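Going by the order they are written in, the chains are A, B, C and D; count residues from 1 in each one.
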Amino acid sequence: ASGGGGAGNDTITMGFAQVGAESGWRTANTKSVQESAKEAGIDLKFSDAQQKQENQIKAIRSYIQQKVDVIAFSPVVETGWDAVLLEAKRANIPVILTDRAVDSQDTSLYKTFLGSDFVAEGKKAGEWLVKESAGKSEVNVVELQGTTGAAPAIDRKEGFAEATKAAPQIKVIASQTGDFTRSGGKQVMEAFLKSNPKIDVVYAHNDDMGLGAIEAIEAAGKKPGVDIKIITVDAVHDGMQALSDGKINYIVECNPLLGPQLMDLAKKVVNGEQVPERVVTEETTFTQEQAKADLPNRKY
Amino acid sequence: MSVDAKQAPLATEPPALVQLRGISVEFPGVKALQEVDFRLFAGEVHALMGENGAGKSTLIKALTGVYTPTAGVTTIEGREVSFSGPAEAQDAGISTVYQEVNLCPNLTVAENILLGRELRRFGAIDGRATRARAAELLADMGLHIDPGSVLAEHPIAIQQLVAIARAVAVDAKVLILDEPTSSLDQDEVAELFRIMRVLRDRGVAILFVSHFLEQVYEISDRMTVLRNGRLVGEYRTADLSRLELVSLMIGRELGALAEVERLAGQAGEEASTVPVLQATGVGRKGSVAPLDLRINRGEVVGLAGLLGSGRTELARLLFGADRPDSGQMTVDGKVVHLRNPRAAIAAGIAFCSEDRKGEGVLADLSIRDNVILAMQAANGWARPIPRKVKDQVVEKWIKALDIRPTNPDALVGKLSGGNQQKVLLARWLVTKPKLLILDEPTRGIDIGAKTQIQKLVAELAQEGVAVVYISAELEEVVRLSHRIVVMKDRTKIAELDQHATVDDIMRLIAHVDERTEAVAA
Amino acid sequence: MTSTRPLNRFRSSGLLWPLVTLVLLLAANAVVRPSFLALRIQDGHLYGSVVDILKNGAPTMLIALGMCLVVATRGIDLSVGAIVAISGAVTCSYIAGAADPTSAGAALAGMGIALALCAVLGLWNGFLVAALRIQPIIATLVLMTAGRGIAMLITDGQIITVRNPTFRTVGAGFLVLPVSILIAVAVFVLVALLTRRTALGLLIESVGINPEASRLAGLRARTIRWTVYVFAAICAGVAGLMISSNVSAADANNAGLWIEMDAILAVVIGGTSLAGGRYSLTGTLLGALIIQTLVTTVYSMGIAPEITLVFKAVVVIAVCLLQAPKARAALLRRTRRRHAPPDLDAEPAARPNTQTLTAAMVEKVAQP
Amino acid sequence: MTTSATPVKGKASLGTLPGRRSVPGRVVPVIATFVLFVLLFGVGAARYDGFLSGQVVANLFIDNAFLVVLAVGMTFVIVTGGIDLSVGAVVALSTMVAAAGLRAGLPAPLVVLLVLAMGSTLGLLMGLVIHYFEIQPFIVTLAGLFLARGLCFVVGVESISIKDPTFRTFATAAIPLSDNVSITWSVVIALAIVAVGVWVLHRTRLGRTAYAVGGNENSAMLMGLPVAKVKVGVYVISGLCSAIAGLLLALYMLSGYGLHAVGMELDAIASVVIGGTLLSGGVGYVLGSLLGVLVLGVIQTLISFQGTLSSWWTKIAIGTLLLLFIVMQRVFMRRQP
């Protein structure tokens, strides 16, 4: 039997409420947290919410009950955390947000937020396209959205739209959800190819949908990356491979390896040290050349 | 059509309580009723007569709003009505027991009796009071069962009584009983008739359907005869002899029927002594006390006893439907272990259940599929019976048993009760069993068909089939059987030979003390 | 009375309305975008939206076929989605770990192992339902939950990508037509023959209609129930191969997610009652095609993702109303009343819709 | 030995006491489920420190209040032999409508009424279609699921925070039961609904008729019972319960979101079935369903106390515990006559 709270001894106990394991990205994120906890000597209590916010809240409750030293979690959505965070605050357990923020006005409910900015990712993708299509008269874009209602889908769409607003030649002629999956991306792209004679660019909200789209494009007898340019977000291994193979043109990175940074922050927070309110993870973008160089040392 | 001279005069009577005029009911492809007139008076017991499928149940359902007639008017106390469902009919004072037991098997006896009119206290159902009231109602009918027990645990006869108790529990103007007696034995019937008389004297109009002529003549004042969905006529019971009634029902001269009856009567005199099935010490805890039983080739063995005496349970043991926990059985001298019905069927045993709705026919399958099912199951799934053979077999039995409609594609669920029973019988006859166990095979079957079935049993016996015959009608058992096993309290109390009479059996059942003598005899 | 005229037979078989729905959906697409029905040969195989529908609908079709038999025995199988994930995960992991990940041998071995495992899972479901007599929905819920976990355990939560031409054939290959649809049709024909040419279909139906009466008629009710679960699992396994092969990757998280619902929907749209008994394989096939056409319609008509579900709901309700005799009768009566002479009795008796007799009552009374 | 199954032998045995023995017979499955639940809880208490505390029990209720309410409504539907797949989506829609309404400045009581009316109306519509057009409940409520989920996204794609002070105070208020155990108002509401559910299903004619319809709809019709009213009624009840559950979830999350409660219908159905209700209708207990929810809840709690399971082991563990439970239940029940 594993002992309960770590309140009594020196090792820090962290409760980590993961969203789920809905994608390879998420699994990499989980692994990173688990591995760095072990390295940092932090006793990790991990729970998987199966993509349900109520389960995450339950898990956080149970961590409060188990009197852990610090709680970290990746919110499924921005909203709806006030009540449980208030409970944590009352119990004097510091909270760290990872991956995305919550919309509480009361910022004292959590200590810090470590993670990426989905809107910024969409913007980066859009900016690259604007640069690429300078001088062209017409650029028809089809968008493969993530799961309807999911935060990354909303934000990446918004960021992209914002960045391409200024370029009138860039037109999103079709936009559908591919549920962040390869089969979804492939099916949607198949339909797009048949209903839209002229597609210049695919913007996929993650690599997997982009990879699915590549298959559809190839089946239609076109060359992905050449006849139709592809922009994706994430930079998972398979995506990077396709990028270096020339089938994808541009990838905006969304780094799942938050573990080490998280453990640092946790230690500081538990020891009462001051931490910045917002820690942005280092994220970059990849072109085909950069991908070739970077591919050998991709971890996930 | 020439109307019989004995039709009841209408002029002198008070206005009818219920009157149907020109009622027609159609189902896809079937004209179940065509322009039928019907009258029911306060304070009478009116029998509705007709063969299986004549349209009796349909008439009742048209009256209570289950079916909407395509033509005709219904008046009650002179007012024209058109019920949209049984609920409205009930509100108008018509209380009905439909043919198949229509209760909820998952609820308790008390709940079934009082559903919709439970006793309440502070708006909540008072379970205790409801049960007490149900117990009273049951006791009125001479039935002493736990009203808190679940209905499904009771045999079909008890369920029938519960349905009747439910119907008589309300203060109705009209009481309709569609074959209420088909599964009851004599005592229950007597009890029911006593109640019916009380109600009639109170001025309730009672509509009664039964295939037992004796009962009809005993209780009814007047009768209406239907044939093939058409009205034949309305008669005073006293004016109509049995023979006349039967010929009105079947629409033929009676000669043919008498012939059949004669044949059936002379149940094969000479049964062999070669045993087909031999059971020693076979029993099951809580169900049947261990007993010995031998059934010879070509022999009809009747099982007699009261309700709940364990006849059905014994039959189920012999068929492997329930597993015996003691004793041994041999078929044709070889020891068999009847672990399930399959094994029994493989050993040449067939069992026609008394509960045709729950354990018998498959309502959503056609007549054809129902008839060949057991044969097919024995053949195995990989060897389908060729279509041609199927058609031949099915056609043969439809004709032999006079199943109506004759279309083998008709869904069995839509057949009249009696015809369903025939389909079930046909299913087992096609398997050419060595031993045929019939549990109430003539339940709900009209007089013509009943004699047909009895004849069939006699013929089968003559061909060498061993038959176990269970029936609540002791006359039938006595007439057909070479040997009669009498059951009481789930124990075999006697075995009588061919010359036993109904009285002998009744005496045995009534007097515990005679048990030992009888077994010795 | 059943007519011998093929048209009437077809009408009474209940397939008419699903077919009408399908045609209407396709027609709507063709109106909005005339090229929808266009077909051309591309790299030696057919190419077009309709082909996509067939290809992408094949897994649902297969699963629905298995589900149809399960439903006919009065059961339900929620675990098929999880089995899809397991099947893909096992195959891809095996291929990825094989000595030569591109060889036909690896692909065949991987698929064989996967299908064998699926059969075992079907046995497991059948064990719970037929032997332990646990209610099917809860019995298969166990595998629905745990199965996806098992799939993720196999892939370690990662998407496993494989490049194996043989494996690719199953879901993305073409023999003029997509191989996946050929497989689905082959299985359909096989099942149809197996159930309609042998007595299996009859036995399955009777177990579904009344298990106890069937047992007393000498049927192996338990074995039959057990078998259909195994069959459903194998169908799901093959569907899993198609789905993962189509994208050359095993996605344990998302493969076959909610596909059990689609399959059940297909079965029900096809006219099979969840209360068991009579079933229609052709109807099920049509049902699956309707569902896939619906999905493709959403994509190709450019219906906004926000209202996709509302659109789906409307179509599903419309299909059901079309299919329900009661609803059709009600509609018909209304229009008749407006247009036809009021003398309904003059109509021939063989037209149930025009009878005032409530068909529903008849049905109800006929059922035990 | 309990129960009435012991046969009354023959007609000779007069004077059976009416119904005295029937009561325990009916609740045996519920008792069995309860015993197994306690067993499961005991395992947790033995394995994990801090498990055996009042607050853990209280949390079981706090965290599952909405599911309890859903299960109550679902019990009604399943008892009549139907099924309602739309509940999860109606819950989501309720949170969405509540949040959007509050954001638009509607007063909280009005919003509550609006949501309740919406839930019951959806239930009513589905019930009417199911009964009068005779379309299978599965497919109608599945369409209802699509519709309700779809409407969520029509209201808005993003999640909406609830800032209304009434809702907030209601959500965060704790009702202390003892020094270190407290519950929320949601629990009180959920338990009240359980009580009402028990009363209606087991003690009123509506409830009895629901059982009758589930036992044999045709017979119920022939017995002159108001089948239509009850069959439609249970879907209204389920719709209403979904709306209430939606409000409780809105309190729990303080937000409305179209992706809330995805798949919750399965949790509800599973709880009901675990609680001893037969999916084929006619047999079931509201209290059993409550226990069913608690069983699922305690399984989840066990797993989160374990705290070392990866995502997939979590799923496998849930499946295994569920299996263990239902098999034990089966074995337990089989020994009963």
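Just so we're on the same page, contacts are C-beta pairs under 8 Å (C-beta built on N, C-alpha and C of every residue); 3 or more make two chains touch, one makes a residue touch a chain.
Since we're looking at a predicted model, the values are computed, not measured.
Visitor: Can you list every chain in contact with both subunit B and subunit C?
Guide: Touching subunit B as well as subunit C, we find D.
Visitor: Please work out which of B-D and A-C is bridged by more C-beta pairs in contact, and write that pair.
Guide: Pair with more contacting C-beta pairs, B-D versus A-C: B-D.
Visitor: Among all chains, whose Cα centre is located farthest from the one for subunit B?
Guide: Greatest centre separation from subunit B goes to chain A.
Visitor: Can you give the whole-Å distance between the Cα centres of subunit A and subunit B?
Guide: That gives a centre separation of 72 Å.
Visitor: Need the CA-centroid distance for the pair subunit B / subunit D, whole Å please.
Guide: For subunit B versus subunit D, the centre distance works out to 43 Å.
Visitor: Could you work out how far the Cα centre of subunit A sits from that of subunit D, in whole Å?
Guide: One centre to the other, that is 35 Å.
Visitor: If a residue has to touch 2 or more other chains to count, which residues of subunit C qualify?
Guide: In subunit C, residues 152, 157, 305-306, 308, 365, 367-368 touch at least two other chains, as defined above.
Visitor: Give me the residue numbers in subunit B that touch at least two other chains, ranges are fine.
Guide: Those would be 66.
Visitor: At which residue positions does subunit A touch at least two other chains?
Guide: Expected reply: 21, 27, 30, 148.
Visitor: What pairs of chains are touching here?
Guide: By the stated definition, chains touch in these pairs: A-C, A-D, B-C, B-D, C-D.
Visitor: What residues on subunit C touch subunit A, complex-wise?
Guide: My answer: residues 33, 35-36, 42-43, 47-49, 52, 56, 152, 156-159, 161, 172, 243, 246-249, 251, 253-255, 295-296, 298-302, 305-306, 308.
Visitor: Given the complex with subunit B, which residues does subunit C contribute to the contact?
Guide: Residue list for subunit C touching subunit B: 1-2, 197-200, 202-203, 205-206, 209-210, 212-220, 277-278, 345, 349-350, 352, 355-358, 361-362, 365-368.
Visitor: What does subunit D use to touch subunit C in their complex?
Guide: Its residues touching subunit C are 129, 132-136, 138-140, 142-147, 149-151, 153-154, 157, 216-218, 221-222, 266, 269-270, 273-274, 278-279, 310-320, 322-323, 326-327, 330.
Visitor: Under the definition above, what is the set of subunit C residues touching subunit D in their complex?
Guide: For subunit C paired with subunit D, touching residues are 78, 132-139, 141-153, 157, 252, 261, 264-265, 268-269, 273-274, 305-314, 316-317, 320-321, 323-327, 330, 360, 363-365, 367-368.
Visitor: Going by the contact rule at the top, pick out the subunit B residues touching subunit D in the complex.
Guide: 66, 85-87, 89-91, 96, 98, 102-108, 110-111, 115-116, 118, 120, 123-125, 127-128, 131-132, 134-135, 142-150, 153, 166, 187, 286, 306-309, 488-490
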